[in-house]
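The next part holds the structures, each set out as structure tokens.
You will see two complexes here that share chain A, one where it goes with chain B and one where it goes with chain C.
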Partner chain A sequence: MYSATATPVPDFLDLIPPERRSDPHALLQILIQIQHAYHHVPQEAAKRLAAEMGIPLVRVQGLLSFYSFLSPQPQGEYVIHFSDNITDQMFGNRELVALMCQRLDVNLGETRKDGRVSVHFTSCTGMCDQGPAALVNYLPVTNLDRERIERIADLVNAQIPLKDWPAEFFVVKSQIRRSDVVFRKPIEPGAGIRASLERGGAFLPEWAEDLAPSDARRHHLERGGAETLKEIYHSDLRGRGGAGFKTGIKWESVRDAKAGDHYVLCNADEGEPGTFKDRVLLTDYADMVFEGMTICGHVVGSKIGILYLRQEYWYMKEHLENVLNSRREAALLGKGILGTDLDFDIELQFGAGAYICGMETAMIKSIEGRRGIPRRRWPLPVHQGYLRCPTVVNNVETFAAATVISAKGGAWFAHNGTGQSTGTKLFCVSGDCERPGIYEYPWGVSVHEVLRDCGALDAQGVQVGGPSGTMINTQEFDRSACFEDLVGTGTLMIFGPQRDMFEVVKNFALFFQHESCGLCTPCRLGTTLLANYVRKFEQGCGSPVDLEELRNISGLMKTMAHCGLGQTANHHITESIEKFPAIWANRMKTTEFVPAFDLDRALEEARGLTGRNDSEAHLAPVEA
Partner chain B sequence: MAEKLKVATCSLAGCFGCHMSLLDIDERLLDLLEVVEFDRSPINDIKHISQPVDLGLIEGGVCNAENVHVLHEFRKMCKILVAVGECGITGGLPSMRNSFTLKECLEEAFVRGVGTENAHIPDDPEIPLLLDKVRPLHHIVKIDYFLPGCPPSADALWYFLTELMAGNDPSLPQELIHFD
Partner chain C sequence: MTSSFFLDGKEIPFKEGQTVLQAAMGAGQYIPHLCWRPELEPHSSCRLCIVIISGKPFSSCTQPAMEGQKVECNTPKLNAMRRAVTQLLFVEGNHYCPSCEESGNCKLQATAYHVGMQDSHFPHQFPIRERDSSHPRVNLDRDRCIRCETCVRASRELDGKNVFAIHGRGIKSRLAVNSPTSLLKDSGISPDDMAVKLCPTGALTVKRVGFEWPIGQRIYDKESLATIELREYANQEAVHG
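Moving on to the complex of A and B:
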């Protein structure tokens, strides 16, 4: 039994196989392992790793300061992270955190003196349809209420090991409320890859004719996949991560790329608050996701796939490894897939708490064991991605769709949806509704229809596509979810008439302030300035001057930020000003600019130090 | 001849470097005086703005109660108010004390400092009280324009003033605001 406060045993690197210890690409995964074992990464561990890997210590420290779930300071034996999405907040997480801290006699963000427990907030953990939620030692606990909090506090105080806690605490439900043609009847494991192999379509591009017969790329191309690529084109499948890039073009670019080995990365860093479809897909349809990656490997000539999973989904590790193993046993993965000489295998890698790692170039850096900071997108990852090799990066749902397309054909898939958005889409519905969960609809469904189905007809507003998406009011409920209109990750957070939309704006502003990676000034400062102005309005010090400033900063971020995070981190501000003007107007007590702080109170410290209290020692509020 | 543009200037928690830079427009000062008339300014030592003016230029951030009074006077009397230079825009060098408490700063200077006699924190009512933090101007009043630089070059000041007098919205070209 380890204790978080004890000095780490000197040989803690024993956890790590020797061959991995010298590989800087494994750095993040190793740090996660150490964090889990010791509930922090001791300075000594950082130093030894740096030495063994032959990298500067600051590179290790750089990761510790970048990823929220890695900490250089000892955390409690029980580390509790409360999810702080707006949906958690709406259902009372603030009161629950206060109760927890009181019951455990610990301050938020600190470790109790005896080293037993620490309590923190974290960004959305992807349990929005069953919140408020928290992670206890990186395992999700859902449906928190006062009773559950009190029981957890008792268990911690009695030092009961986590494995002896009631299993019902850790139940994560999939809650699929509506399925349509794609997920109503899942594809049998192997059907998609079998169809792809049978379809054949070997063709050797001109550049590949020079390759040696033993070269893996030549080998893959000769095995075919061209016909499956055609089906992907016919389906007109677009990426499900939000940006909607055409999957066929992406796969073909990698297939045609001459340089290096080719890689298939699956992005399961589902960090957009309110989004939890990847969690459900990987729980209930993991086979379809892995099969999609395998088909992609077949098409683009890759032998290695990596599933990058957010730290919040660590609890799925065993389940996913089991699925991978059963696929290996069924010859659907590994060497010689289905008796052919096609090789493809998939490994799992984890993030450590960074929203930005959902951005493909940031995710690639993270998988390479670095800080997840996005780079400029030329060259594109399809030309220079993971390890500077041609790389497909697709969302979990995109790969699942690829399996369906391979098994049933592109035309079948394209039959559903709208002109520019074919197929169906999983929508994550949370907030004020009777039936939160996952809904599958053909693209083009109206917001109104979703609200009707989930029981939320009295909604005053909906956040579509997460905080970086679009905020709509009742007048826009006839808009449809598709690439022609409301794009995004298929996330609908619903706000009932009783909610103060200003709280929504504030939650999003603080979220972006926390998650900005800090690389570029427009985003690093912009997100902080937006949050400061929102706080100013909260204090009743806002004026039209400040509202104008919010618009200016938003415009600047939109045009100047380095990546999509900063460019979209202002949407909630500009859209709430436009669509919910009352929440801003109600907080404006003045038409003239006033400071965000009390001038007279700013002299309090000096008054105390000098003992003065004359009229010059005070600042009266200025008359307008 | 058209009526002259009335201008007021002052330095709050600044070093007068921005004012030096204004003087650095050299012989163009004579051209400037053809078209502007200075109200309150360290240049003429007028202590208070006597009438509403068109333009106020302020260098320096806000570190004490007196700065606040002066800033309020400028905002009240100036149609257009400009934060000139690093300190006015961000708090600048004086705001480096913001990472310490006021107590730590004053004790370092007046109690623990080398060679201090009669060590105590000054409490004379004639000395303006310090704010707990040094603030940029726009934290306290609305600022219409920000003229960056430490100090803004004479050419930047000249460009800004002439554009404004010509009735244009002054937006400094790249060559006047890059510093490397």
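Moving on to the complex of A and C:
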């Protein structure tokens, strides 16, 4: 499996502290370090890690074969991953990839013979408002066009180190186009946690109550947490990661859990194609996110928070570490926060390319250094989460909202929005519009209003909430974004009149097939069958029976799949059949039934083996 | 004190900590299942055991039984879905039952009969998978593997060995062997391992005994799957409580 020319792992592993090297929970994080250093994980490294950690080699290999950004085979000195969201595709990423491969003389998915470069596709990298985008050696390059591709190819061919590339290639813009009450005036660092501590009287002189000083301090801390929890309840905050679970209930369960240490995990996997709000939050409002985690730590009695950041956002590592350090210096993080007995610190951990790792129990396993396979439903993470301890998992935006709620109060927050969806929400707008980017609105805003504000007056369809969300056509533009109607991650991908909605469907079907974790039967097979039927239609060979079959498989996945991925990986199919019937009808033969088996295609292997491609070797006439 | 819930209207007693599937099996009500084994941690992957509780689907092998709950199980809609899931398992691999030595002893095949599967319905995927015949006594035919991870769990939990794992992702995931060569011959497997015994299909078999019993006299030729499973469960319960 490994090439004979694999770089030996010199003393790389020796640089990692022995206690970390021998901790199986650090496996994924160490493999990422090795991947970055060597652009693959050499077998010697895998073997040595397995030995030092006391785990079977098969487990290390299990991770290498699961995470897209880890590879056992050597990759080029320059590894280029083109983002393949539908928005990248709409703005020409296919032509750009072809151009890049031609300029570099390399085949897609392969490493050039001299080991210089490899080019791949990858799922959406979260740069949809400034695509087409790619990652070069795990750093984002945005706004790709022919000129930029040609310059990159020249730089690679001339072997110019990345640090000497033009800085403008790597610029990632935040593009906040509209802000509302929450993000118009961000909370000052410390204001949220101070408010939370003050609620319990943490800053009262210790003699203010009739207790021994240390008891008084603990009592104040305790009461502050309880009072802040009440504010979270008053705000009626619901999770921003998609499912909309009430944050107060989650925090209270962990607060009440007796067993073990408690943990606070922030989900920054942001894998839903078309979604990039967490990237913007962590770029411009990282303090608010970390502060929300700290407040959560105060409420639930946790000392350790972990931010799980998708690999695509590796470039933010230094920035986030700087923010964490300045918070430590300001006594907003670490031991004895703001002079009280509150201890809380935050570490960063990275994913390695797997959409499923945004699903909370898969994320927990990934943080534990395992393959990101969803756990069984019980026990819930609030009772047995990370390391089997009570754990809060919240989205980045949820924690930012918690900071606002603590600083300004639950009632203030709940003032905006609709009955069941309080507060404001960040929407990620991309696709065919004049002003793609981030828009903050109170929940309940209509699609129509967003389209007007972003300059998309002629849209034929919008995908709300990413591929797992809802596909709507012009008749539904008066629907509103809130938990009562169009739920989801606040993602709008806009499709203008010139677009073929079938391409959208195909992109999503291939995405889900690629990202299914493979645990359960209905999703493992269902995503593949759906993708195969879509290909059949693409070739103009669909039949009404196939449409029926697509609906059946979708229904099966919805009921029978284990987790949200499989349960929703069929929405784009059933909704496009309902709302854009023409894209399917146009690709049908008039007959009632067309077999999936295509005799001419089946002869491809024989043609390959015999090196023939003349018309005699085909059943149907081919064009020369 | 025992409590009870209702399975398709029938009262089922259960003990604290039991799952819906355990309680149902204990009460003589068979719910189709392939990845669940009474002696192993539940896995929730085959999805045959799905039941509906308050309008929502749950895998009964992991769902804790709760007092007074109304559970739908044997409904035409769910049975059709169980049949479809079984069909999916057949088209995913390469199952040539007529020539398979496990035919008649195979739980996948018996489940297909139980759920009333008449054809494979879905397009066959004809995957190309590696067979591992390297070991003198144990054969691994990945064509017949349904990825239930029974062997993975049994090797870890019962044999204390960790011989198996899953590699890859999605439709490309495969059963992997923990050995320096990735072959069974260099692993710690033995033909007596529970991992081999509990494999529900012909994926893991002991060599040289395949045709000891003629067709017609094999396990599921004589009795139905449900009868056998319920009896085994009752015996197990009697031993382990």
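Note that in this section the second predicted complex is superposed on the first by the 563 of 624 C-alpha atoms of A that agree within 3 Å, B and C clash if a C-alpha of one lies under 4 Å from a C-alpha of the other, contacts with A are read in each partner's own complex, and residues count from 1 in each chain.
Definition applied: a contact is a pair of C-beta atoms (placed from the backbone, for glycine too) under 8 Å apart; a residue touches a chain by one contact, two chains touch by 3 or more.
If you're wondering where the values come from, they're calculated on a predicted model, not measured in any experiment.
S.K.: Let me test your reading of the model: by the given contact rule, A:522 touches which partner, first (chain B), second (chain C), both or neither?
M.R.: In the superposed model, A:522 contacts chain C only, not chain B.
S.K.: So, A:596: does it touch chain B (first), chain C (second), both, or neither?
M.R.: both
S.K.: If we overlay the two complexes on their shared chain A, which of chain B and chain C does A:556 touch? Say first, second, both or neither.
M.R.: second
S.K.: Could you say whether A:564 touches chain B, chain C, both of them, or neither, answering first, second, both or neither?
M.R.: neither
S.K.: Based on the superposed arrangement, let me know which partner A:409 touches: chain B (first), chain C (second), both, or neither?
M.R.: Neither: A:409 stays clear of chain B and chain C.
S.K.: Determine, for the superposed model, which of the two partners chain B and chain C contacts more residues of chain A.
M.R.: C
S.K.: Between chain B and chain C, whom does A:605 touch in the aligned arrangement: first, second, both, or neither?
M.R.: Only chain B is touched by A:605; chain C is not.
S.K.: Which chain A residues contact chain B in one complex and chain C in the other?
M.R.: Shared contact residues on chain A: 596-597.
S.K.: Under the stated contact criterion, what part of chain C meets chain A in this complex?
M.R.: Residues 42-47, 50, 57-59, 62-64, 81, 84-85, 88-89, 91-92, 122-123, 125, 146-147, 162, 165-173, 176-180, 182.
S.K.: Which part of chain B faces chain A closely enough to touch in the complex?
M.R.: Residues in contact with chain A: 65, 68, 72, 101-103, 106, 121-123, 125, 128-133, 139-142.
S.K.: Under the touch definition given earlier, write down the residues of chain A that touch chain C in their complex.
M.R.: These residues of chain A touch chain C: 56-59, 61-62, 65-66, 354, 371, 376-378, 513-522, 524-529, 532, 552, 556, 559-562, 596-597.
S.K.: Which residues of chain A touch chain B once you look at their complex with the stated criterion?
M.R.: Residue list for chain A touching chain B: 545, 592-593, 595-597, 599, 602-607, 609-612, 614, 616-617, 619, 622.
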